[in-house]
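This structure is in structure tokens; I'll ask about it shortly.
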Amino acid sequence: MSYFLQQLINGLQLGFVYALIALGYTMVYGIVKLINFAHGDVFMVGAYLGFFAMANWALPFPVAILVAMVGCAVLGMVIERLAYKPLRNAPRISALITAMGVSLFIENFTNLNFVFGPAPRAFPRPFAVRTFNLGGVSITNITVIVFGVSILLMVALTWFVNSTKTGRAMRAVSMDKDTSRLMGIDVDRIITITFGIGSALAGAGGVLFGFAYPQIQPLMGIMPGLKAFVAAVLGGIGIIPGAMLGAVIMGVVETFTSAYVSSTLRDAVAFGVLIIVLLVRPTGILGRPGREKV
Amino acid sequence: MTQQSNGVLLSVKDLVVSYGAIRALHGISFEVGEGEVVTLIGANGAGKSTTLNAVSGLVRPSGGEIRFLGRRIDGKPGHAIVRLGLTQVPEGRRPFLGMTVRENLQLGAFNRPKSEISETMDRVFKSFPRLKERLGQTAGTLSGGELQMLAMARGLMARPRLMMLDEPSMGLSPILVQEIFSIISEINRQGTSILLVEQNAYMALRVAHRVYVLETGEVVLSGTAAELRESPRVKSAYLGE
Amino acid sequence: MSLLDIRGLTMKFGGLVAVKDFTVSIDAHELVGLIGPNGAGKTTVFNLVTGMHAPVAGTIEFQGRRIQGMRPWRVYALGIARTFQNIRLFGMLSVLDNVRVADHHRGEAGLVHSILRSPKFRHEEKRTTDRALELLSILGLDQRRDELARNLPYGEQRRLEIARALVSDPKLLLLDEPAAGMNPSEVGQLMELILSIKERFNLTVFLIEHQMKVVMGVCERVVVMEFGEIICTGKPEQVQCDPKVVEAYLGVQAEESQQ
Amino acid sequence: MTGTRRRLSPGWLALIVTVLAYAALQTLMSTKVINPYWQQVAGLAGIMAVSALGLNLVYGYTGQFSLGHAAFYGIGAYASALVTRSLGPSIWTLLLGIAAGAVIAGLVAFLIGLPILRLRSDYLAIATLGFGIIMKVLFDNSDAVIPMMGGSAGMTGIARLTNFAWVFVFALGATVVLRNLVFSSVGRALVSVREDELAAEAVGINTTKYKTLGFTLGCMYAGVAGALYAHLYAYLNPFNFDFLKSIDVLLVVVLGGLGSISGTLVAAVAWTFLLEGLRVALPASIQDWRMVIYPLVMVVFMIFRPGGLFSGTEFGFLKPRSARRRT
């Protein structure tokens, strides 16, 4: 039983990191219908920014998270302006291929020796890892930080999207772009902001990932990126609570597969769950089934 | 008001719009004056909605010019046009279904200062008292008539000089159509000019001051509403007589 | 004997009742109009007849055979063809191919014959091409055979859709607002076209239309819908005078029209 | 392209040019003017062409967005390698292996396609992507069931039974078959599904059948390509059949132009040679930049030519006579 609870905690921790990435995927998809493959790489850049902030500039970790968030927000907005905006009216496949191109570019560019370099680096921990024992389940202060920061960010995002003018505009644009224009909303600006916020969350996710699984390298974003996207689809793409739910499910399923079945099969099981959910409920767990107009 | 506008709010000259190889508007011209209700009537596909979408910046014209208050607005982005005081209530209402009535109204006032929103809302509720009761409900729970009212109220939240309405009667029962049209007249009396696109020619001719008849992307007939009510051509094509 | 027999047809989307207890019977070689305000449920009736939706309740019999809930391609193979309100051509296929593809279901030379270019394949290809060209020339589109469908002007796209619907020799043709977006002279030509193809191909036609001129000009019988229900059926002249229809369809107050 | 009776028809002309080109290449290879390295690259280009033609059938013609093409490529590779290793290397077991690769890839595609082809566009892409990742995991763990497959260490001991000649013949065959298929009633049915599924149903096309058909055939192409690859490279590693490999093929199809056989052929050859060419052309010190330049080319190309090289058009000789314009 305590083993089960322990794995559940581990799964939730992974799920929360996925959630921070998945939120960016789902917001961007909701607004421009683009699978932003480069998003996982933004997450990776966030981890590196956190690394530099702490290891090279000796900043405290809350500041490191902020640095990563700001840096990633800028990166996300630059990617959107340079690579995606020119293709807004092009066939969707062109935008998708471009996203893959951007993703490969970031991976291979940061892989160069004078940038981050291919060698994995140990993520610094500015404090000792302490373990608390709660009835047979051990929880580290790292886990507490991961839970705390991600919950804080998710609450903040939910508040922002639901209760601010810009958040309202983001929802409006994701529902109906033309009508949003008729309301006087500058749709391009909202799209850029969305990329910025999504990327900032991924940046924070990168730093937390570094804390929890303390090794980073330039290709570290690929698999978490894919899984976070899958999580977003699982929960119902474009739906913010869906992304959180899907991410937690992915994290837990993955951890349980490793713990009870085989760690080499965990990706297969995670994606198997995705395919089954899509077949039963093509628009995801919280998604609304759509009807085609004749 | 700027001098060159001479009481003309909106003037459209030789407007051409194409979708790919298909030309939807072949150079149409019309004007809307200060305080007027002007209506465009015509069959499905005659180019009425395209005209409104070109004026409000949703589609880019390939020729001609559009002036609002004397200023060129063709080619300007849609959100900038709204700021000048020109709003469009789109065909099919297009409410933000997942949002509440209040949020829909707030979005209508997107570019207005926060301080005036509650005052504008109160003013709008005078025309649409039913919406006040439904403020907290999501738009998806409203009936067709209420959705049309929401769309119009949302348009008014921007405090427009000119409001364009696309097919407000669509899918509504005759009694509701009556109600909607009397609200339109009332909005006009309170000082907002109206450009109305309608298939329901009877009602359109009743509330409008002036009328333009569109057929396959061209203006084929225009005049005062009274003149056109008697036109045999309008009678046979649109009034089914 | 009635060709199409619809009884108690009902359709719901979510909570909304789009069509309610719709009952109509159409005889062979009739030309029946279906009119009503926007959103009355006319297109939904067409979608139910052609298998695009499965009804919640009711039956549809075509030549004595129940077809409700059948997949659209099966319904088509039985002899019911349609056009769409907002023109649904295969934009990146040529005009000729748009027509030929609608004849595909009759072909017997499948994959292997196609890959081997067997005599059977060539024979069928020639037959279907000849048939398609014949229809294109009837509809005045033979000069356009190699254009991509999406590059045709609006009026020609409408005619191409009709050509495509006719290639399979349907018994029943459903036309969804064929005159939409046409100017009066085009509308006149369209009316002649509808009447001439009806005779030439021995068709039964069921037609949705907004323009009263078309409805009054070609229909032998008219069914009027409002809010998903039939409010009146009859000859065009009768229907036109029915106050209920005037009120629903023309959107005018009944008392006013009586003045 | 308006061949009159006196001139040779484009089809025959193309055949003659093809045979001459092949003879020239083969002569250059056997005289070692083209060294074994470039022979191998030429072989890879041909394999890419076969695989990409398959994906073009799935996505370009039938409109079904697949991000899992590499999985079928891998299935074909492993299946054929198992056949030749079990039955001993010979031309006959190679042919049997290629057939097995095609059939098994097709069978898996059919079985997985039946449920997932109901999904639309992006959802189908995600499902196929998921399938690709699952297959990669299964290849990684294959040694647990069939030790010969080697799992994540890779499969060795495969006889090098293919060469440029084999690849050329199969690529030519794949092209002709696809051309004949596309310009036929079946081909029109496939394209109608891509253009408008609902309208296709309304004109008598059983869309489920044709989606499954296009998907299965396209994946059989991938199976053939994988079988050729297995016996050209003589070593298989699950790493070669991962998500990025699917992207590679998709890229060739999109760069060439969706729904264009000519475009796919040109892009497959150009892309393979560009990548390998950069490897040779760049000095060792900036080798790493190769992988930076390649995605940049991709992005710039998409921004300036989103429709690909040949969007929906073909070289004249790739159209049957009946499909050529009459002028």
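Just so it is clear, A, B, C and D label the chains in written order, and each chain counts residues from 1 on its own.
Quick note on the criterion: contacts are C-beta pairs under 8 Å (C-beta built on N, C-alpha and C of every residue); 3 or more make two chains touch, one makes a residue touch a chain.
Bear in mind that the values here come from a model prediction, so they are computed numbers and not experimental data.
Undergrad: With a step meaning a move to a chain it touches, how many steps does the shortest path from subunit C to subunit D take?
TA: When the steps are counted carefully, the minimum from subunit C to subunit D is 1.
Undergrad: Could you find the chain whose CA centre sits the greatest distance from that of subunit C?
TA: A
Undergrad: Nearest whole angstrom, what separates the Cα centre of subunit B from the Cα centre of subunit D?
TA: 53
Undergrad: Can you work out the whole-Å distance between the CA centroids of subunit A and subunit D?
TA: Chain centroid spacing, subunit A to subunit D, equals 33 Å.
Undergrad: From the mean C-alpha coordinate of subunit A to that of subunit B, what's the distance rounded to whole Å?
TA: The computed centroid separation for subunit A versus subunit B comes out at 42 Å.
Undergrad: Quick check: what residues of subunit C touch more than one other chain, meaning two or more?
TA: 52, 84
Undergrad: Could you list which residues of subunit D touch at least two other chains?
TA: 198
Undergrad: Subunit B: which residues touch two or more other chains?
TA: Residues: none.
Undergrad: Can you name the residues of subunit C that touch subunit D in the complex?
TA: Contacts found on subunit C: 50-52, 71-73, 76-77, 81-82, 84, 88-93, 97, 100-105, 107, 109-111, 114-117, 121, 124-125, 128-129, 146, 164-165, 168.
Undergrad: Which of the residues in subunit C end up touching subunit B in this complex?
TA: 37-39, 150-154, 177, 179-184, 186, 210-213, 216, 227, 240, 247-253
Undergrad: If we count contacts the way the header does, which residues on subunit A are in touch with subunit B in the complex?
TA: Answer in residue numbers: 165, 168-169, 171-172, 175-176, 178-187.
Undergrad: Quick one: in the complex, what on subunit B touches subunit C?
TA: 20-22, 43-46, 144, 167, 169-171, 173-174, 177-178, 199-200, 202-203, 215-216, 236-237, 239-240
Undergrad: Residues of subunit A touching subunit D in their complex?
TA: Residue list for subunit A touching subunit D: 33, 35, 83, 86-87, 90-95, 97-98, 100-105, 108-109, 111-113, 226, 229-230, 233, 237, 262, 264-265, 267-268, 271-272, 274-275, 278-279, 282-283, 292, 294.
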